[in-house]
Structures are given as C-alpha cells and as structure tokens.
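My questions all concern the structure below.
First chain written, first letter: the chains are A, B, C, D, E and F, and each begins at residue 1.
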Amino acid sequence: MIPSPDHLLVLPVAIPLLTGALLLIFARWPLVVRRAISGVAAVLLALIAIQLLMMSGDDAVRVYLLGDWAAPFGILLVLDRLSALMLVLTALLALFALAYAVQEADSDGHNFHALFQFQLLGLNGAFLTGDLFNLFVFFEILLLASYGLLLHGGGAERTRAGLHYVVLNLIGSSFFLIAAGLLYSVTGTLNMADLAVQMRALPAEDLPIAAAGGLLLLAVFGLKAALLPLHFWLPHAYGAAAAPVAALFAIMTKVGAYAIVRVFTLVFGVEAGPLAGLADPWLLPVALASIALGTIGVLASDDLRRMTAYLVIASVGTLLAGIGLMTEAGLSGALYYLVHTTLVTGGLFLLADLVANGRRVGARITPRERPAGAGVLSVLFLLGAMAMIGMPPLSGLIGKLLILLAALPEPAVQWVWTVILISSAMLLIGLSRAGITLFWRGPPSPQAAPSALRLLPAAALIGSSPLLVIFGGPLTDLAAATAGQVLNPDRYVEAVLGAATVRETVGGAP
Amino acid sequence: MIIELLVAFFLVVGASFALIGSWGLLRLPDFFTRLHGPTKATTLGIGGTLIASTIYFSAQTGGPSLHELLVTLFLFITAPVSAHLLAKAALHQRIRSIAPPPEIDEPRE
Amino acid sequence: MEALVAFAIGLLVACGVYLMLRARTFPVIIGLVLFSYATNLFLFAAGRLKTDEPPLIYATQSYTDPLPQALVLTAIVIGFAMTAFVVVLALRARGELGSDRVDGGEREEER
Amino acid sequence: MILQTAVYIAFVMISLATLLNLWRLVRGPDQPDRILALDTLFINTIALLVLLGIHFGSAVYFESALVLAMMGFIGTAAFCKYLLRGDIIE
Amino acid sequence: MSRWLPHPLLSVTLLVVWLLLVNTVSVAQVLFGLLLAVVIPRFTSAFWPERPRVRQPLRLIRYLLLVIGDIVIANFHVAHLILFRSHRLRPAFIELPLELTDEFAITVLASTVSLTPGTVSADVSADRRTLLIHCLDAPDPDALCAEIKSRYEAPLKEILG
Amino acid sequence: MALGWIILLPLIGAVVSPLLARAGRDAPAWAAGAATALALLPALWHAPAIFAGGEVLTSVPWIPQLGLDFALRLDGLSLLFVLLILIIGLLVILYARYYLPKSDPLGRFFALLLLFQMAMLGIVLSDNLILLLVFWELTSLTSFLLVGYKHGSPEARRGARMALVITGSGGLALLAGFLLLGGMVGSYSLSVVLASGELVRNHPLYLPTLVLILLGAFTKSAQFPFHFWLPHAMSAPTPVSAYLHSATMVKAGVFLLARFFPVFSGTEVWFFLVGGVGLATLLFGAYTALFKHDLKGLLAYSTISHLGLITLLFGLGTPLGAVAGLFHIINHATFKASLFMAAGIIDHEAGTRDMRRLNGLWKYMPHTATLAMVAAAAMAGVPLLNGFLSKEMFFAETIHVQWLTQSQWLLPAMATLAGVFSVAYSVRFIHDVFFNGEPIDLPRTPHEPPRWMKIPVELLVAVCLLVGILPGQTVRPLLDAAVRGTLGEVPAFSLAIWHGFNLPLLMSLVALSGGILIYTLRHRLFALHDRLFPSVTGEVLFRRGTRAAPWYSRGVMDRFDNGSLQRYTAWLIGSVVVLIGAALWGGIELDGGLWTPIDGVSVVAAVILVIAAVGTVVVRHQRMLALVMTSVVGLVVTLTFIHFSAPDLALTQISVEVVTTILLLLALFFLPGGERPEVSMPRRLRDGTLAGLAGLGIALLAYAMMTRPGAPISDYFLAQAEPLGGGTNVVNVILVDFRGYDTLGEITVLAIAATGIFALLQGLRLPLPQGDLSGRRWARDAHPLIMAAISRPLLPLALVVAIFILMRGHNEPGGGFIAGLIAGTALILQHLASGIQWTQERLRFRYFPIIGLGVLLATVTGLGALLLGYPFLTSAVLHLDLPLIGELHLASAMAFDLGVFLVVVGTVMLILENLGRLSRQPHIHPPEEGS
C-alpha cells in the first residue's frame, strides 16, 4: 500500500506562509481586502487545527516527512496531542486577536497582516517541527515577526521595549545555535527523536557536552518563556505592544514552555540515561521565583497593561512549576493551566485596551476617570482577575489545584504550595485594588463606550474561562492524555524513526 | 617541470610584490605615498599569483583554465577606483601630506 | 589546530559579550556581530575541522561533514536579517528616544 | 618539490604582508590609512586563497577569490563614501 | 540593433566573462552565454546610458597592451622606490588639465594613471577640467604631466572621444 | 438530583431577575422571591427523610482528575442551614424590596443576592471538598460585590475589598487544608472524609491541615484577629448585612467547624485552637460592641462576639458543646437578622445610625421599637427568648469542661464576663436608641416604615419568642436532625426554660445584672476605653499591609528592574555562565583524541583575529574604527571557513559581511558616537569577568567538542546528494532539498525582516549630522565621477557572476543566497555611486512584490510535489538530453533556489535603500554638541 502523506499536517505552516507572501506581494491592496485575506486564513487555520486535534485523539503520533526524506535525515513535522493542542490554542487566540485588530489597530502601521501571518507561521512551525535546528529557524521566524508586531504603530515606549526585547533574543538565539552545535557534535543528529535515542547510549565522556547543550537550551527556552531572571524583556514589551499584538503574545511565552516540555521530556526525558531530568534541579526554583516576581510586579504596577504583563510572568511561573515537577499529574495540570492562562491573559490585554480607549488617562490605574462602558468592562475584568488569581469557579482555580495536587507527593511540596497560595492572595490584593480603582472610583469618562463588536473578542477570550471549567472533565482528561503521551516518548520516537517515505514505497524519485 | 618552474616563479614574484606593497604601506612616510604601494605592487602581486594559478590549473586539467583572469581583471578595474576614493577622502580630511596639498574645492569647517 | 580555533571562538565570545554589556546601541550591535561570528564558528566546529575536504562530490575521497555548514549558512543569513533589524531599531530608538543609550539613562536624557 | 617550496615561500611572504597590513590598520594614524590597510588586507587574502588553491590542487577557492575581490571593493568604496559624505546612500 | 544589443561591446565582454567563469567552452555554455549577453545589457542599459563609443577597437587593444606593460614597469619602479628610497622621496601633487570630456574616458584615464608609474589620481575637479594626481616621486612634475598627456590622454581621446 | 435544584433555582433567579428589571421594581423582587421559595420545595420534600435520620446524596462526576464531583449531600446539618439560608433569604428579599431606594432598579441587587444565596447553599450542600471550596470562594466574591454595591462611597469600597481579601485569602488556606485532607484520606468526598476521623487525627499532617482549615473558617466567621473586616462590611446595604453578616455567610465558618467536628475535634490542639480563638473573639467582640456608636457597628461586634461564642462551643469538643453551638446558630440567625433589619428601618426612617444622635425613638416608631427590644432581649439572653436557652447551655458546658488544668473557674468566669458585656450592649441598643431623651439633629423626622418592611422583622421576632418559650415543640426536631447530621447521633440533652436553680442560671443572673450596671457606668468606660485602646488593631495592620505591599513591591521592582538593557544582558549571560558551569562541574575530558596539525598561516590568521577582536573592544568609542576592526574579524572568519573546507560558507560570510558593513555605516551616520566612556572600574570588572567566563566556558566546550570523533548522519547526505538530490554540492543539496524546509523558513525570516524594517523606517526622523565628529563639514561631491563611472559597467559583470553562482550552486560552491547577495550588493553599489533617485529611476520594480514572489515561488515549488502524491518540498529532477546542448538536469530545487535568490535580492535592496532614504526625511538639525 502506498502511504499517502497526510497533507493536513503541513497546512498550519503552508497557509500562513502563502498568505503572508500574498500579502507582501499585494501590500498596496486596500486594507479591507488584506483584512479579508488574513481573516479567511485565520479561520481556516482554526478549523484545520481543530481537525488535527481531533485526529490526534487516537493517541497516534503522526509524522510528515518534508521533502520525502526519512528521519533522521530530513526535517519532519510531528503531530501528537501536545502539538495539536498548541496549534488549536494558537489558532483560537489568533482568531480573536485578529478580530480585535481589524477594528482599528491594523491600520496604525505597515504590513500588519503579513506580520501577523508570519507570526502564526513561526508559532505553528515551532509546535510542529520534529527537528532541533528547524525549531531554531521557526523561533527566529516567530521572534522576528513578533519584533515587527511589537513595534507596530511606533512610539517611544514600544521602541525602547522593542530594542531590549530584540537584543536579548538575539543573544538567546546565538546560544541556541551553540546548544545545537554541542548536541550535534556528540550525537551527530538534529532530529529530536534521534537525539533521544542517541542520548540513551551516549558515552560517559560526552555527557558534559550534551549536558551543556541541554542546559543552554533551557536558558534559551527560559528566555522565551520569561522565566526569572530572563524575564526582564516581557513587562516592558507586553506593556507597550498594541493590544491585539499583546494578546497574541500571550502564546509567545508558552512557546518557551512548550519547547521545555518537548525537549526535556523527549531528549532529556526519563529514558535519557545519566542525563535524564537534566533540567529538574533548575526548573522548579526558577519557576517559583518567577511566580514571586510576577506577583510583586502585579502589586507594583500602576498600569493595567503592565499589570497584565506581570500576570503573564506569574502564570508562566505557575505553568513551569507544574512542568518542573516532571510528573504526569504535574504536566497534565500545567497543560490545562497553559490553555487557561493563554486565553485569559490574551483577553485581559484586549480588555486593558478597551479600558484605555474608554478614558482619557489610558490604562493607568488611577481613580481619575472611570472608563466608558465600565459596567461590562468591570464584569470582564472581574472574571479575568478571578481566573488569574485562581478564584472559583473559574479555570485558574482548576489549573492551580491540579498543580498543587500534583505537587503533593513531591519533596518540594511546601515550597510550591506556599508560593502559589501566597501569590494568589497577593494577586487578590493587587487585582482588587486595580479593579476598584479603575471601575468603582472616579467620575465616568466622556469617552464613547466600546461597541459590542469591540467587546466581543475580549469577552470571548475571558469568557472561555468558565467554559474551561464546565468542560473541565473532558479537558483535564485531554490534558492528562497529552501529558501521558509526552512522558512516554517511545511512541514518538518509534513513529518518527519508523516513518516510511513515499520514495521507498513507490520506488524511485518523482 | 617547466610548468612547475613557471608556476613557482610567478608565485614567488607575485608574493614578493604583495609583500613589497604591504611593506610600502608600512614604511612610506605619509598617507598619499602609502597609497601607491598597495594599489600597484599588490595588484601585480595578485596578478602574479593568479597567473601562476592559471598555468597550474591549465596544466592540471589539460585544458585552458583562464577564470583566474577574471579576478585579475576585476582587481585592475577596481583597485584604481579604491585608491582614487581613498585619496579623495584623505584630501577631504586634510590629513598630513609631505607633498603640499592643493587647494581643493571643499567646504571649510 | 583545535585549540587555536577554540581559543579564537572563546576570544570572540568574550569580546562580543563585553561589548554587548556597553551602554550605547552601536557597541552593543558590534558586540552582537562579534558574538554571532563566534556562534557561527562554534556551530561550524561541531562538524570538526578538516582541511581540503570540501563536501563537493567529485574530487576527493573523504569529505568534511556538510550538515553544520548548511546550518551555519542558514544561521549567517538569519543573523544578517536580525542584525539589520536591530540596526534599524537602534536608529528608531535614536529618533524616538533622542538618545542611543540602553542603560536606562535614556529616560533622563529625554527630559 | 620546487612548486611546494615556492608555495611555502609565498605563504610566508603573504602572511607577513597581512601582518604588515594589520600593523598599519592598528596604527593608523588616520582613518584613510586604516581603510587602505583593510583594502590591502582583502587583496592579500585573495592571494592567500589562490595559494591555497595551488597548495591543495583544488579549484574551489576561485569563487571565493572572485567574490572577495568584489566585496572588498564595495566595502572600501562604502568606507570612503562614509568619510566623504557621512551618508553613504543618498 | 540598438534595441536588442544596446552595448555590443558589453555583450561580447559578458559572453567572454561567462565563458571564463564556467571555465569551459561548450555549445550549451556558449548558447547560455549568448542569452546572457543579450538579456543582461537590456536589463542594465538604463544603468549605463552614456554608452562609450569605441571608434577604433584595434587601438583600444593597443592601448590596453601599452598599459599592461606600463603596469609591470610601474610595479618594478614603485617596488624600487619602496625598498630603497622610501626616505628620499619627493612626492608632489600635480594638476593635470584635461582635454577629455567624456566621463568614461576620464575614468579610464584616471584609472590608467593610478595603475601606472608612481602616480595615483586623487581627485577630479568639480568642473571636470583638471585631474589631481599624486606622484610618489616627482623630481619634474611638468615633464610627468606632459608624458601622461601624450602617452595616455591622446590615444584615449582618439579611442573614446 | 432534586438537590441540584436547590442550588440551581437561585442561579436561575439570578439570571432572570435582572432581565425583569425593566418591568418595574416588583418584577425582580418577585423573581428572586419565587426562586428562593421554589428552592425551598426540594429541601422540604426531603425533610421528612432527614428528620427520620436519613441523608440524601447525589453525585455527578465533573473533573475526575481533580477528584471534583458535583456531589451534594443533604443531612440534618445541611438541612438546618438550607432552611436558614432560604427562609431568611425570603424575608431579606421582601425587606430589601422596600429598603433600597426607588432609584435602584433592583435587578443587579437581586442577581448578586441570589448568586450569593446559591453559593451559600452550595457550601452547605457540597459533598465534595473541592466543590465546597468553589462555593466558599464564590461567597467571598459575591459578598465583595454586595458590600461594594454602593461603590460610590469610599467606605463601601474599602469594606468590600477588606472582606474580599481577608475571606478570599482564608479561602486559599482552606484550599490548602482541603487538599491535604483529601490527600490524607485519599478522596475528596466529604462522606469519605467524615468517616475517616480516626485516620486524620493520627496523621502526621493533622496539625497543618487543621490550622489551614481553621484559617479558612476563622476568617469567614470573623474570628479574632481576622474579625475586623466584618465591621467594615457594614457599609453594605442593610439587607445584605442582615443576610450575609448575621444569618448566613459568617456562619459558613462555624458551619465548617460543625461539619468537620467529628473529623478534627477531640484533640488538645483542637481544644486550644478553636476554643481559644472562640473565647478571645467572644470577649473581644462583646467588649468592643459596647463602645460602638454606630448601630450597625454595635451589631457587627455583637455578631463577632456571638460567632466567637459558637466557635468556643465547638472548640470545647464535647457533643453537648456542639449541640449548644448548633442551637445558638439558629438563635443568633433569627435575633440578629431581625436586629439588623430593625437597625435598617431606623437608618431608613431617621437618616442616621449614630446612637449619640438617635434618642427617644419610642415615641416615633413604637411598633418597630417593640420588635427591636424583643430581639435585643434575645441577644442579651433574657429568659423566655431563644437566646436565653442557648446561652444557658453554653454556661453549663463551660462549667463541665476542664480548662487549663488548674483553674476550673476560669472559663465560666470569662463566659460570664462576656455575658455581662453582651447584656450591656444589648441594653445600650434599647435604651440609647429608643429612650434616653430626645433625638439630636436628625436629618428627618422618623416614623414607622411601610407595612411590608416590618413583616420580616415580625416573623423573626415571633420565632425568637416561640423557640424561647416552646423549644421542644418548635426547634427540637430540626436541632436533633442537625445534631445527628453533625455528630452522627443525638446525645441526651434537655431543651427547657427551667432547669432549676443551678450554676448556669446564676451566671445568667450575674450577666444580666452586671450588664445593666456596666451600661449605667458607660460614660466613664467610654473615656477609659479611648485612653487605653488606641486603634492598633488587625485592621490597622491590614491597611498598612495593603498599602505597603504595592509600595514595597514598587521598591523591589525599581531596584531589580532599572530599565537598563545592560542589566538584562548581564543576567542572561550570567545565567548561561552558571548553566555551563553546572554542566562542566563534574569535570570534562577535554581532549577527545582528534587532532589537526597547526600551520603558520593559521597562526597568523589567529594573531590577526586576536588583535582585531580585542581592537574592536578597545577602540569601541571610535565607532568607524571599530567597524574596520570588525571587518577584519569577519575576513578572518571567512578565511577560517575556507581553510576548513567550507567554500559556500566563506562566500556567504564575506558577502553578508560587506552588506552588514554598509548597513552599519548607514547607521553610523546617525549614530556617530564620539562620547567619552564614563564607566566605573567595578562595572568594567564585572563585565570583564562575565565576558571572560563566558568566553572560557565556550572555548572549553568548543575544544572538547572538536577533538571528539563523531558519527554524524551526514554520510547519508554525502551518499545520496548526487543520486537522490541531483547535485554534487552537498551543502547546497542539503539547503534546497534535504533541509529545504529550513531554507524556506530562512527566506521567510528575510521577508519578515524586510517587512518589519520597512515599517520601522516609516516616519522616522533623525537629526542629520552636517559634518563628521571632528566638526568638518561633509564633502560637496555626493557622487564622485570615477566611482559612478566604474560602478555602472560593473553591474552587468556582477550580474553575470551572480547568475553563474546561482546556476551552479547545486553542484559547486554557490547557490541562491550568495547569488542574491552578489546581485544585491552590485545594485547597492549603484546606490552608493549614483544615489537612490538615479538608481530607482532605472530599477523599475518594487521590492515587496519581489520578496513575496520569491517566498511564493519557493513555497509553490514545494507544493508542486503534493500533486504527484509526494510530501511538501519533495524535489524532482528532470533529465533532458537535448541535441547540441547535451544532458541537462533541471531540478525543481533550482526553482526553489531562484525563490531564495529573489528574496535575498529584494530584502537587501529594500533594507539598504530605505535606510538610505532616511537622510531624505525632512531635516532635523542636531543640537549643539555637548548639550
């Protein structure tokens, strides 16, 4: 039988790539046309992503051999539960961010839609790839697109933040290359599944080199994930970015988290021999420190955008705390929390923009003016804040509970619990102060209230939180199944290294 | 053998010119005199080595291998322009010159 | 030879890092350029050092590892794109912030 | 044998030449001096490539030499333009 | 003719360059070279609108041979100066009044001057009437001036107008 | 599932009532009332079974991962609370309908009230710890919204936030406690937990679990020292106070004590913690209540005190204590709710709650006064009222319990003391408001409230009386059921007014007479109190805390994140150094055996590299010079690539380097630098150390790496490049075929860079330097003749070279990248030599379409394979045997490479040209140097 490659796997990459290229070629077409093209692509991506997620539900690991080269020689796309989940999350977030952007923000600068598509390309590519160096390439794509998007619209604050963000990430990218070199030099391969296999049989004298490579990767991914002390770029960048961009960026830190999960479960996973658990001593402390710092940042913020940015740091910490446990329960909780925090922080960024547009003092947390449409906005803020704090009955609670529970049998339990719970209490203080100051104090603003159409994306993203709770059963099952699959990399390795090319089967080249 | 000798000859001659040009760059007293060394001596130096290469590869492959001529040609076209631009820049900057520099049509500071 | 190359890479890293830690954009960019030279050499060195064994299938019997070369080529081009971006961004910062400082002092200069 | 010796001698001479260029480049004293030194360094490097080609009996160095010649010129031109006008593309 | 081959000489040069590049002469390469020789000048003709009109190609070749010879001599001369007289040089700037008007011709002259004995062209005056030349060792600037004019400028004027 | 409706109906009501707000003020009230009344039905439906000793359980799985089921449990205890919540809820709804101002459409209010009701019902009905917690925190949240209902007032906001933070944080502690408890027992099912008391009490984690759960209970029930939020919550509308802060929400804490009584009680820790806190709260609340001039403030502290009483009762750990506690829960709910409502009526009608101004209201509202007096008497524990009965039981229990081994009398004495104060403030409530002369300066003349506003109070007072007189006939079955639900069995206890002359009765009498005495001495006590207790309370600490938290946080952030990229970079490099250090910590065998001989040329190159690299650092302030040095480094790197068999890399490196140089020169025009270094020695030392360590680490790794023999996958590429990839330049075949996907990504990077850079340059205005750093003005001649004249013929030559490099890339060093760079630089040379305008006039294409087309071409080439049934980017080779020309290989990879070429040309041109255009923006003249 001829194995027909499932071309659906390549579409999450091909669609934004083609769309981006078209948008460049026709950069002078009317904005409305470009919006339509971008929107159609985003919807298509979402549909495909959902289809892929459903496909991944059979627990199979699907492989797409690009260029029809067998692993480990060519580059391949791998669709497992984790990558499918990330694809769906990205697509959904993008859809709402775009829905918000097309109402105004995309006209503030040049080529917004092309950059947006390229951003999606980078994200999807990073989630799908099974090759370490290719991961680097798609990191660069998503970073460069994010630089462009971050700076979209201009302004001093954005420029300063952008400069810091770009320089730090350039350094990070260089370390990625060094890490790739180190790993390649001892394993002779770049395919992550093959790396996993090679890692198991690595001679003792090569271990320090591989360890250095792995730890460098940890630093690189930690930078993307904004883990302490590599987080500095985030509050400034996210606080300054245009709202839909910041909303889309909610997934960016998760790319770092994703990469940590992927590499440190597959390449340095339980079966990696002496290097198994390479990241373990580092992840948890750093994650907890990030929670603490994010929380302090939330308390210190005097701007709703900045506050949301620090919420991202705190939530990344929580996420990584779950991942850092390196157990199925921890990972499962972290994955659920990942979905929650991505959607909700995305919504909060949009909300912050609605607030800023609704008053003459912007998103500053000052009682000088209540935003127009404070009623709806305050409800959204309340929901978002509750979700981020981890108050019931919203998704943050479920996520944090799963992580706390997962920590219970671990030696570090008191640390995890103390930090997460105290952080929650502090967030409660900070967010209640912000909410009261913004929505309960001060005279109403004369600005126009946001239209329903503008509210919709924010409402949908924040409103996902109760849905995540109502469908918490199936979702946590999905997260658990995903965690289970990720923590048993054998199937991944078999699927990748066993994938047959069309060439072999048909015989001869096309 | 003759070919080998030829190659060796052109190589050594070329390298000598390159070295002399660089020596001039080091030893000559001011910028404008230093400019002469590299633009001429070095181009011929490269010319020599390239001729050596042409001969060598023509002999080795059995057919004419003339593509080194392209490099020579290119250098001969560009080297005078580089020198010209450098001199222009130096005149503009009014850097130290043994020969009395002419009044040039340049804005004063 | 390996020691020499390793030394060169280390030196480039050190010089690059030192420059990246400077207070103004231009030296930082130069630092990034040096650092990326080092990185490219490092990745290249992952294929080991072989003289006169270019991976061109016609002449010699043995070839150096071509894969790191392909990777470095990609890295060089990406590095160029990134450098270009950061250069332009530095200019933009100069225009928007009125200064080329990156040590936090640009805020004071704005005033 | 003669050829090999000649190649070695040439290597030594060209290497020496590059060191002399470097000396000028470091010492200056003026900007044109340094650019001139850089330009010469490029040209000597081309010679080095040709030598390598003969040394290894390999033609793969030719393109490098050609491109080096082109790029060296463009670099020097850009530097000079900078000294003259500051704005190199106007 | 001018539409299809705006620069016949350039086209020939490109064909030769192509064949030099591929370092072989085969039917396929000649055909491809011809294709390039036609296409590239068409594409780039706008960049080189003031097409130099070569009146006497044979004299051009003679001129080139002369210059190559001079270059070799120049190199020996300069090498001598560098090695043995570097401290007793009498450098000078001389201003060469130009009779040539064509930009390309002036350029060729300036290049020739730079490549030949002890001289580097340093500047062309804004009115393009004078070429400033730096001489490495010029005991007699006027004589040098005259030599350049007769040896290089005069034939160039005949060839390129 | 009928149980679910108890919770669901209020939720439905919460959704419906605001929707009805447009239909007038009655509609939402009716909806709320109906929802509450309907919710009573299922409870009453199950009541007989519960009274008969049964319990009703229902469970729907929700999030199994979490052990979270939607599991409900109706037993005696929960039935008691359900009835309290719903019945008092009904009364409050009726009351609120008349209490709230006419301007309030009521929809939002009832929605929040019903949401709260739902949450409260959820707490008492949950049979799952997590579910209980969910509802628990929901009550905190809805109470926050209800307290802050009138958020125009600062007191309301402060009170709301305080309540939220204290009870919400307590909820987090509770969460932790529950998780521990669930972990111990192995299940989050309440039924399982209740059956595992023995296990829990002997578990090593018993103490932390208990403390955490108690933190939740104590914060919610306003126990000392967490009590202070409750008085502040009095800024809520009075119906809210009556409902949340007397009858229901504050009872959630004691509910928890009751619920977990069989699990946790009976240990010394329990006794001391729960009893101690209860006692302290009892005394503190009773004492403080006396000194509150605000009616609701008095009631609030009274509530605190009574909650302390209940806590103490549970803390005693005896079955009879628990019985008394449960009984007092009922009694307190009835009299305190009615007192709040009465206070609300007074406030509503008189316009103030300040007892120093309220006097002699008896004359104006005798009916209300009577009701209030009866309720207050119940609060004071006057016989024939329900408060008396439970207080008697309390006194009796204190006597029977051993408190602090030596002193038998201490606990009864303290209980009596609390009773004294309790009587005193009750007397104050009656005398100071309804008698005590004439009202002072009231905003309006008080009169009786509307009829329907009094009905709830009347009903509640009637209950006080009924229970007080006929306890056995009225409350006994419910209490028995509740006791059974709590303890599992009903201990023998007597519920009668008269137990003969005994110690408890004596204590009651002492309390009554002592209270009256104290009240008469109140003025001297007020003065003493003001002197003795300056307001250093938990409240002040809380306020300082909530104010200090942001302040300290800001301090931390400012110190940690000073906005300096240098610091961020230093942390990044430092982290990497640490991580590399960690990897090498155990030692590394540096020499792996591979060794390549060293040669003179390499040494010379290394010397050049060292001098140039160090030189770059040294001369960094002379930026152009630094750039020259960097070029030298780039040249040596190129040489290294060539030397070690990488001609493609060398070609790329040298081309990229020149383009980069042009780029940096363009930037240098606007960033000429020239400032002096102002860096301190410690900073240089720090940076130098970091740089040195990073360099050392990476050099060690590089050496170790290079000397090891490796077994890379590349043999496959070398073997298959020609047969399968159709090319002999393996690097190029990898780039366009084996790893064409990388290359596709890479040209996309270029396209994005071009896009981003273009956007960045739009509208950018920079000061144009009029001369170089030495102050010399720029040369006049923008386009030197000779340069222009030479660069023009160079263009076609360079293009031929570029095409040559492009065409042969598959087999020889070269390819789309290098070709693109060569063509791009040749075009840029035209810009350099003749200017943008001149070049633009001749280059009649726009760059974005070129870039887009390049990406598109590469992508579409890749997609072509799909048509043949092959995956994306599969290459095809077409072998043609043409006459004259010979064999011709047409690989699809060439089309791919052409796409690469287009992108590179377009990107290089777009970037450099647009950078060049910067100087044509409207001028900004630079400020004078040094300013």
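What we mean here is this: a contact is a pair of C-beta atoms (placed from the backbone, for glycine too) under 8 Å apart; a residue touches a chain by one contact, two chains touch by 3 or more.
These numbers come from a predicted model, not from an experiment.
Participant: Tell me which chains count as touching both subunit B and subunit C.
Facilitator: Neighbours common to subunit B and subunit C are D, F.
Participant: Count the smallest number of chain-to-chain hops linking subunit C with subunit D, moving only between touching chains.
Facilitator: 1
Participant: By CA centroids, point me to the most central chain in this structure.
Facilitator: A
Participant: Going by C-alpha centroids, which chain is farthest from subunit F? Tell me that one.
Facilitator: E
Participant: How many angstrom between the C-alpha centroids of subunit F and subunit B?
Facilitator: It comes to 69 Å between the two C-alpha centres.
Participant: So how far apart, in whole Å, are subunit A and subunit C when each is placed at the average of its C-alpha atoms?
Facilitator: 27
Participant: Measure off the straight-line distance from the CA centroid of subunit A to the CA centroid of subunit D, and report it in whole Å.
Facilitator: Roughly 48 Å, centre to centre.
Participant: Could you work out how far the Cα centre of subunit A sits from that of subunit E, in whole Å?
Facilitator: One centre to the other, that is 61 Å.
Participant: Can you tell me which residues of subunit F touch two or more of the remaining chains?
Facilitator: Within subunit F, the residues that touch at least two other chains are 563, 565, 567, 569, 573, 643, 647, 666, 668, 698, 705-706, 710, 712-714, 717, 738-739, 742, 746, 749, 752-753, 756, 760, 771, 778-781, 784, 786-787, 790, 797, 801, 812-813, 915.
Participant: Can you list every residue of subunit C that touches 2 or more other chains, as numbers and ranges?
Facilitator: In subunit C, residues 20, 25, 28, 38, 40, 42, 44-48, 51-52, 54, 56, 67, 71, 74, 78, 81-83, 85, 89-90, 92, 102 touch at least two other chains, as defined above.
Participant: Which residues of subunit E are in contact with two or more other chains?
Facilitator: Residue numbers touching two or more other chains: 17, 21, 23, 110-111, 121, 126.
Participant: Using the touch definition from the top, list the residues of subunit D that touch subunit F in their complex.
Facilitator: Going through subunit D, the ones touching subunit F are 11-12, 15, 18-19, 22, 25-26, 28, 31, 34-35, 38, 41-42, 45, 48-49, 52, 60-61, 63-64, 66-68, 70-72, 74-75, 77-79, 81-90.
Participant: Write out the stretch or stretches of subunit D touching subunit C in their complex.
Facilitator: 56, 58, 60
Participant: If we count contacts the way the header does, which residues on subunit C are in touch with subunit A in the complex?
Facilitator: Where subunit C meets subunit A, its residues are 20, 25, 28, 32, 35-36, 38-40, 42-48, 67-68, 71, 74-75, 78, 81-83, 85-86, 89-90, 92-93, 96-97, 102, 106, 110.
Participant: List the residues on subunit E that touch subunit F in their complex, please.
Facilitator: For subunit E paired with subunit F, touching residues are 7, 10, 13-14, 17-18, 21-22, 26-28, 31, 36, 40-41, 43-44, 46-48, 103-104, 106-107, 110-111, 121, 124, 126, 128.
Participant: Residue numbers of subunit C touching subunit F in their complex, please.
Facilitator: Its residues touching subunit F are 1-30, 33-34, 37-38, 40-42, 44-58, 63-67, 69-74, 76-85, 87-92, 94-95, 100, 102-105, 107.
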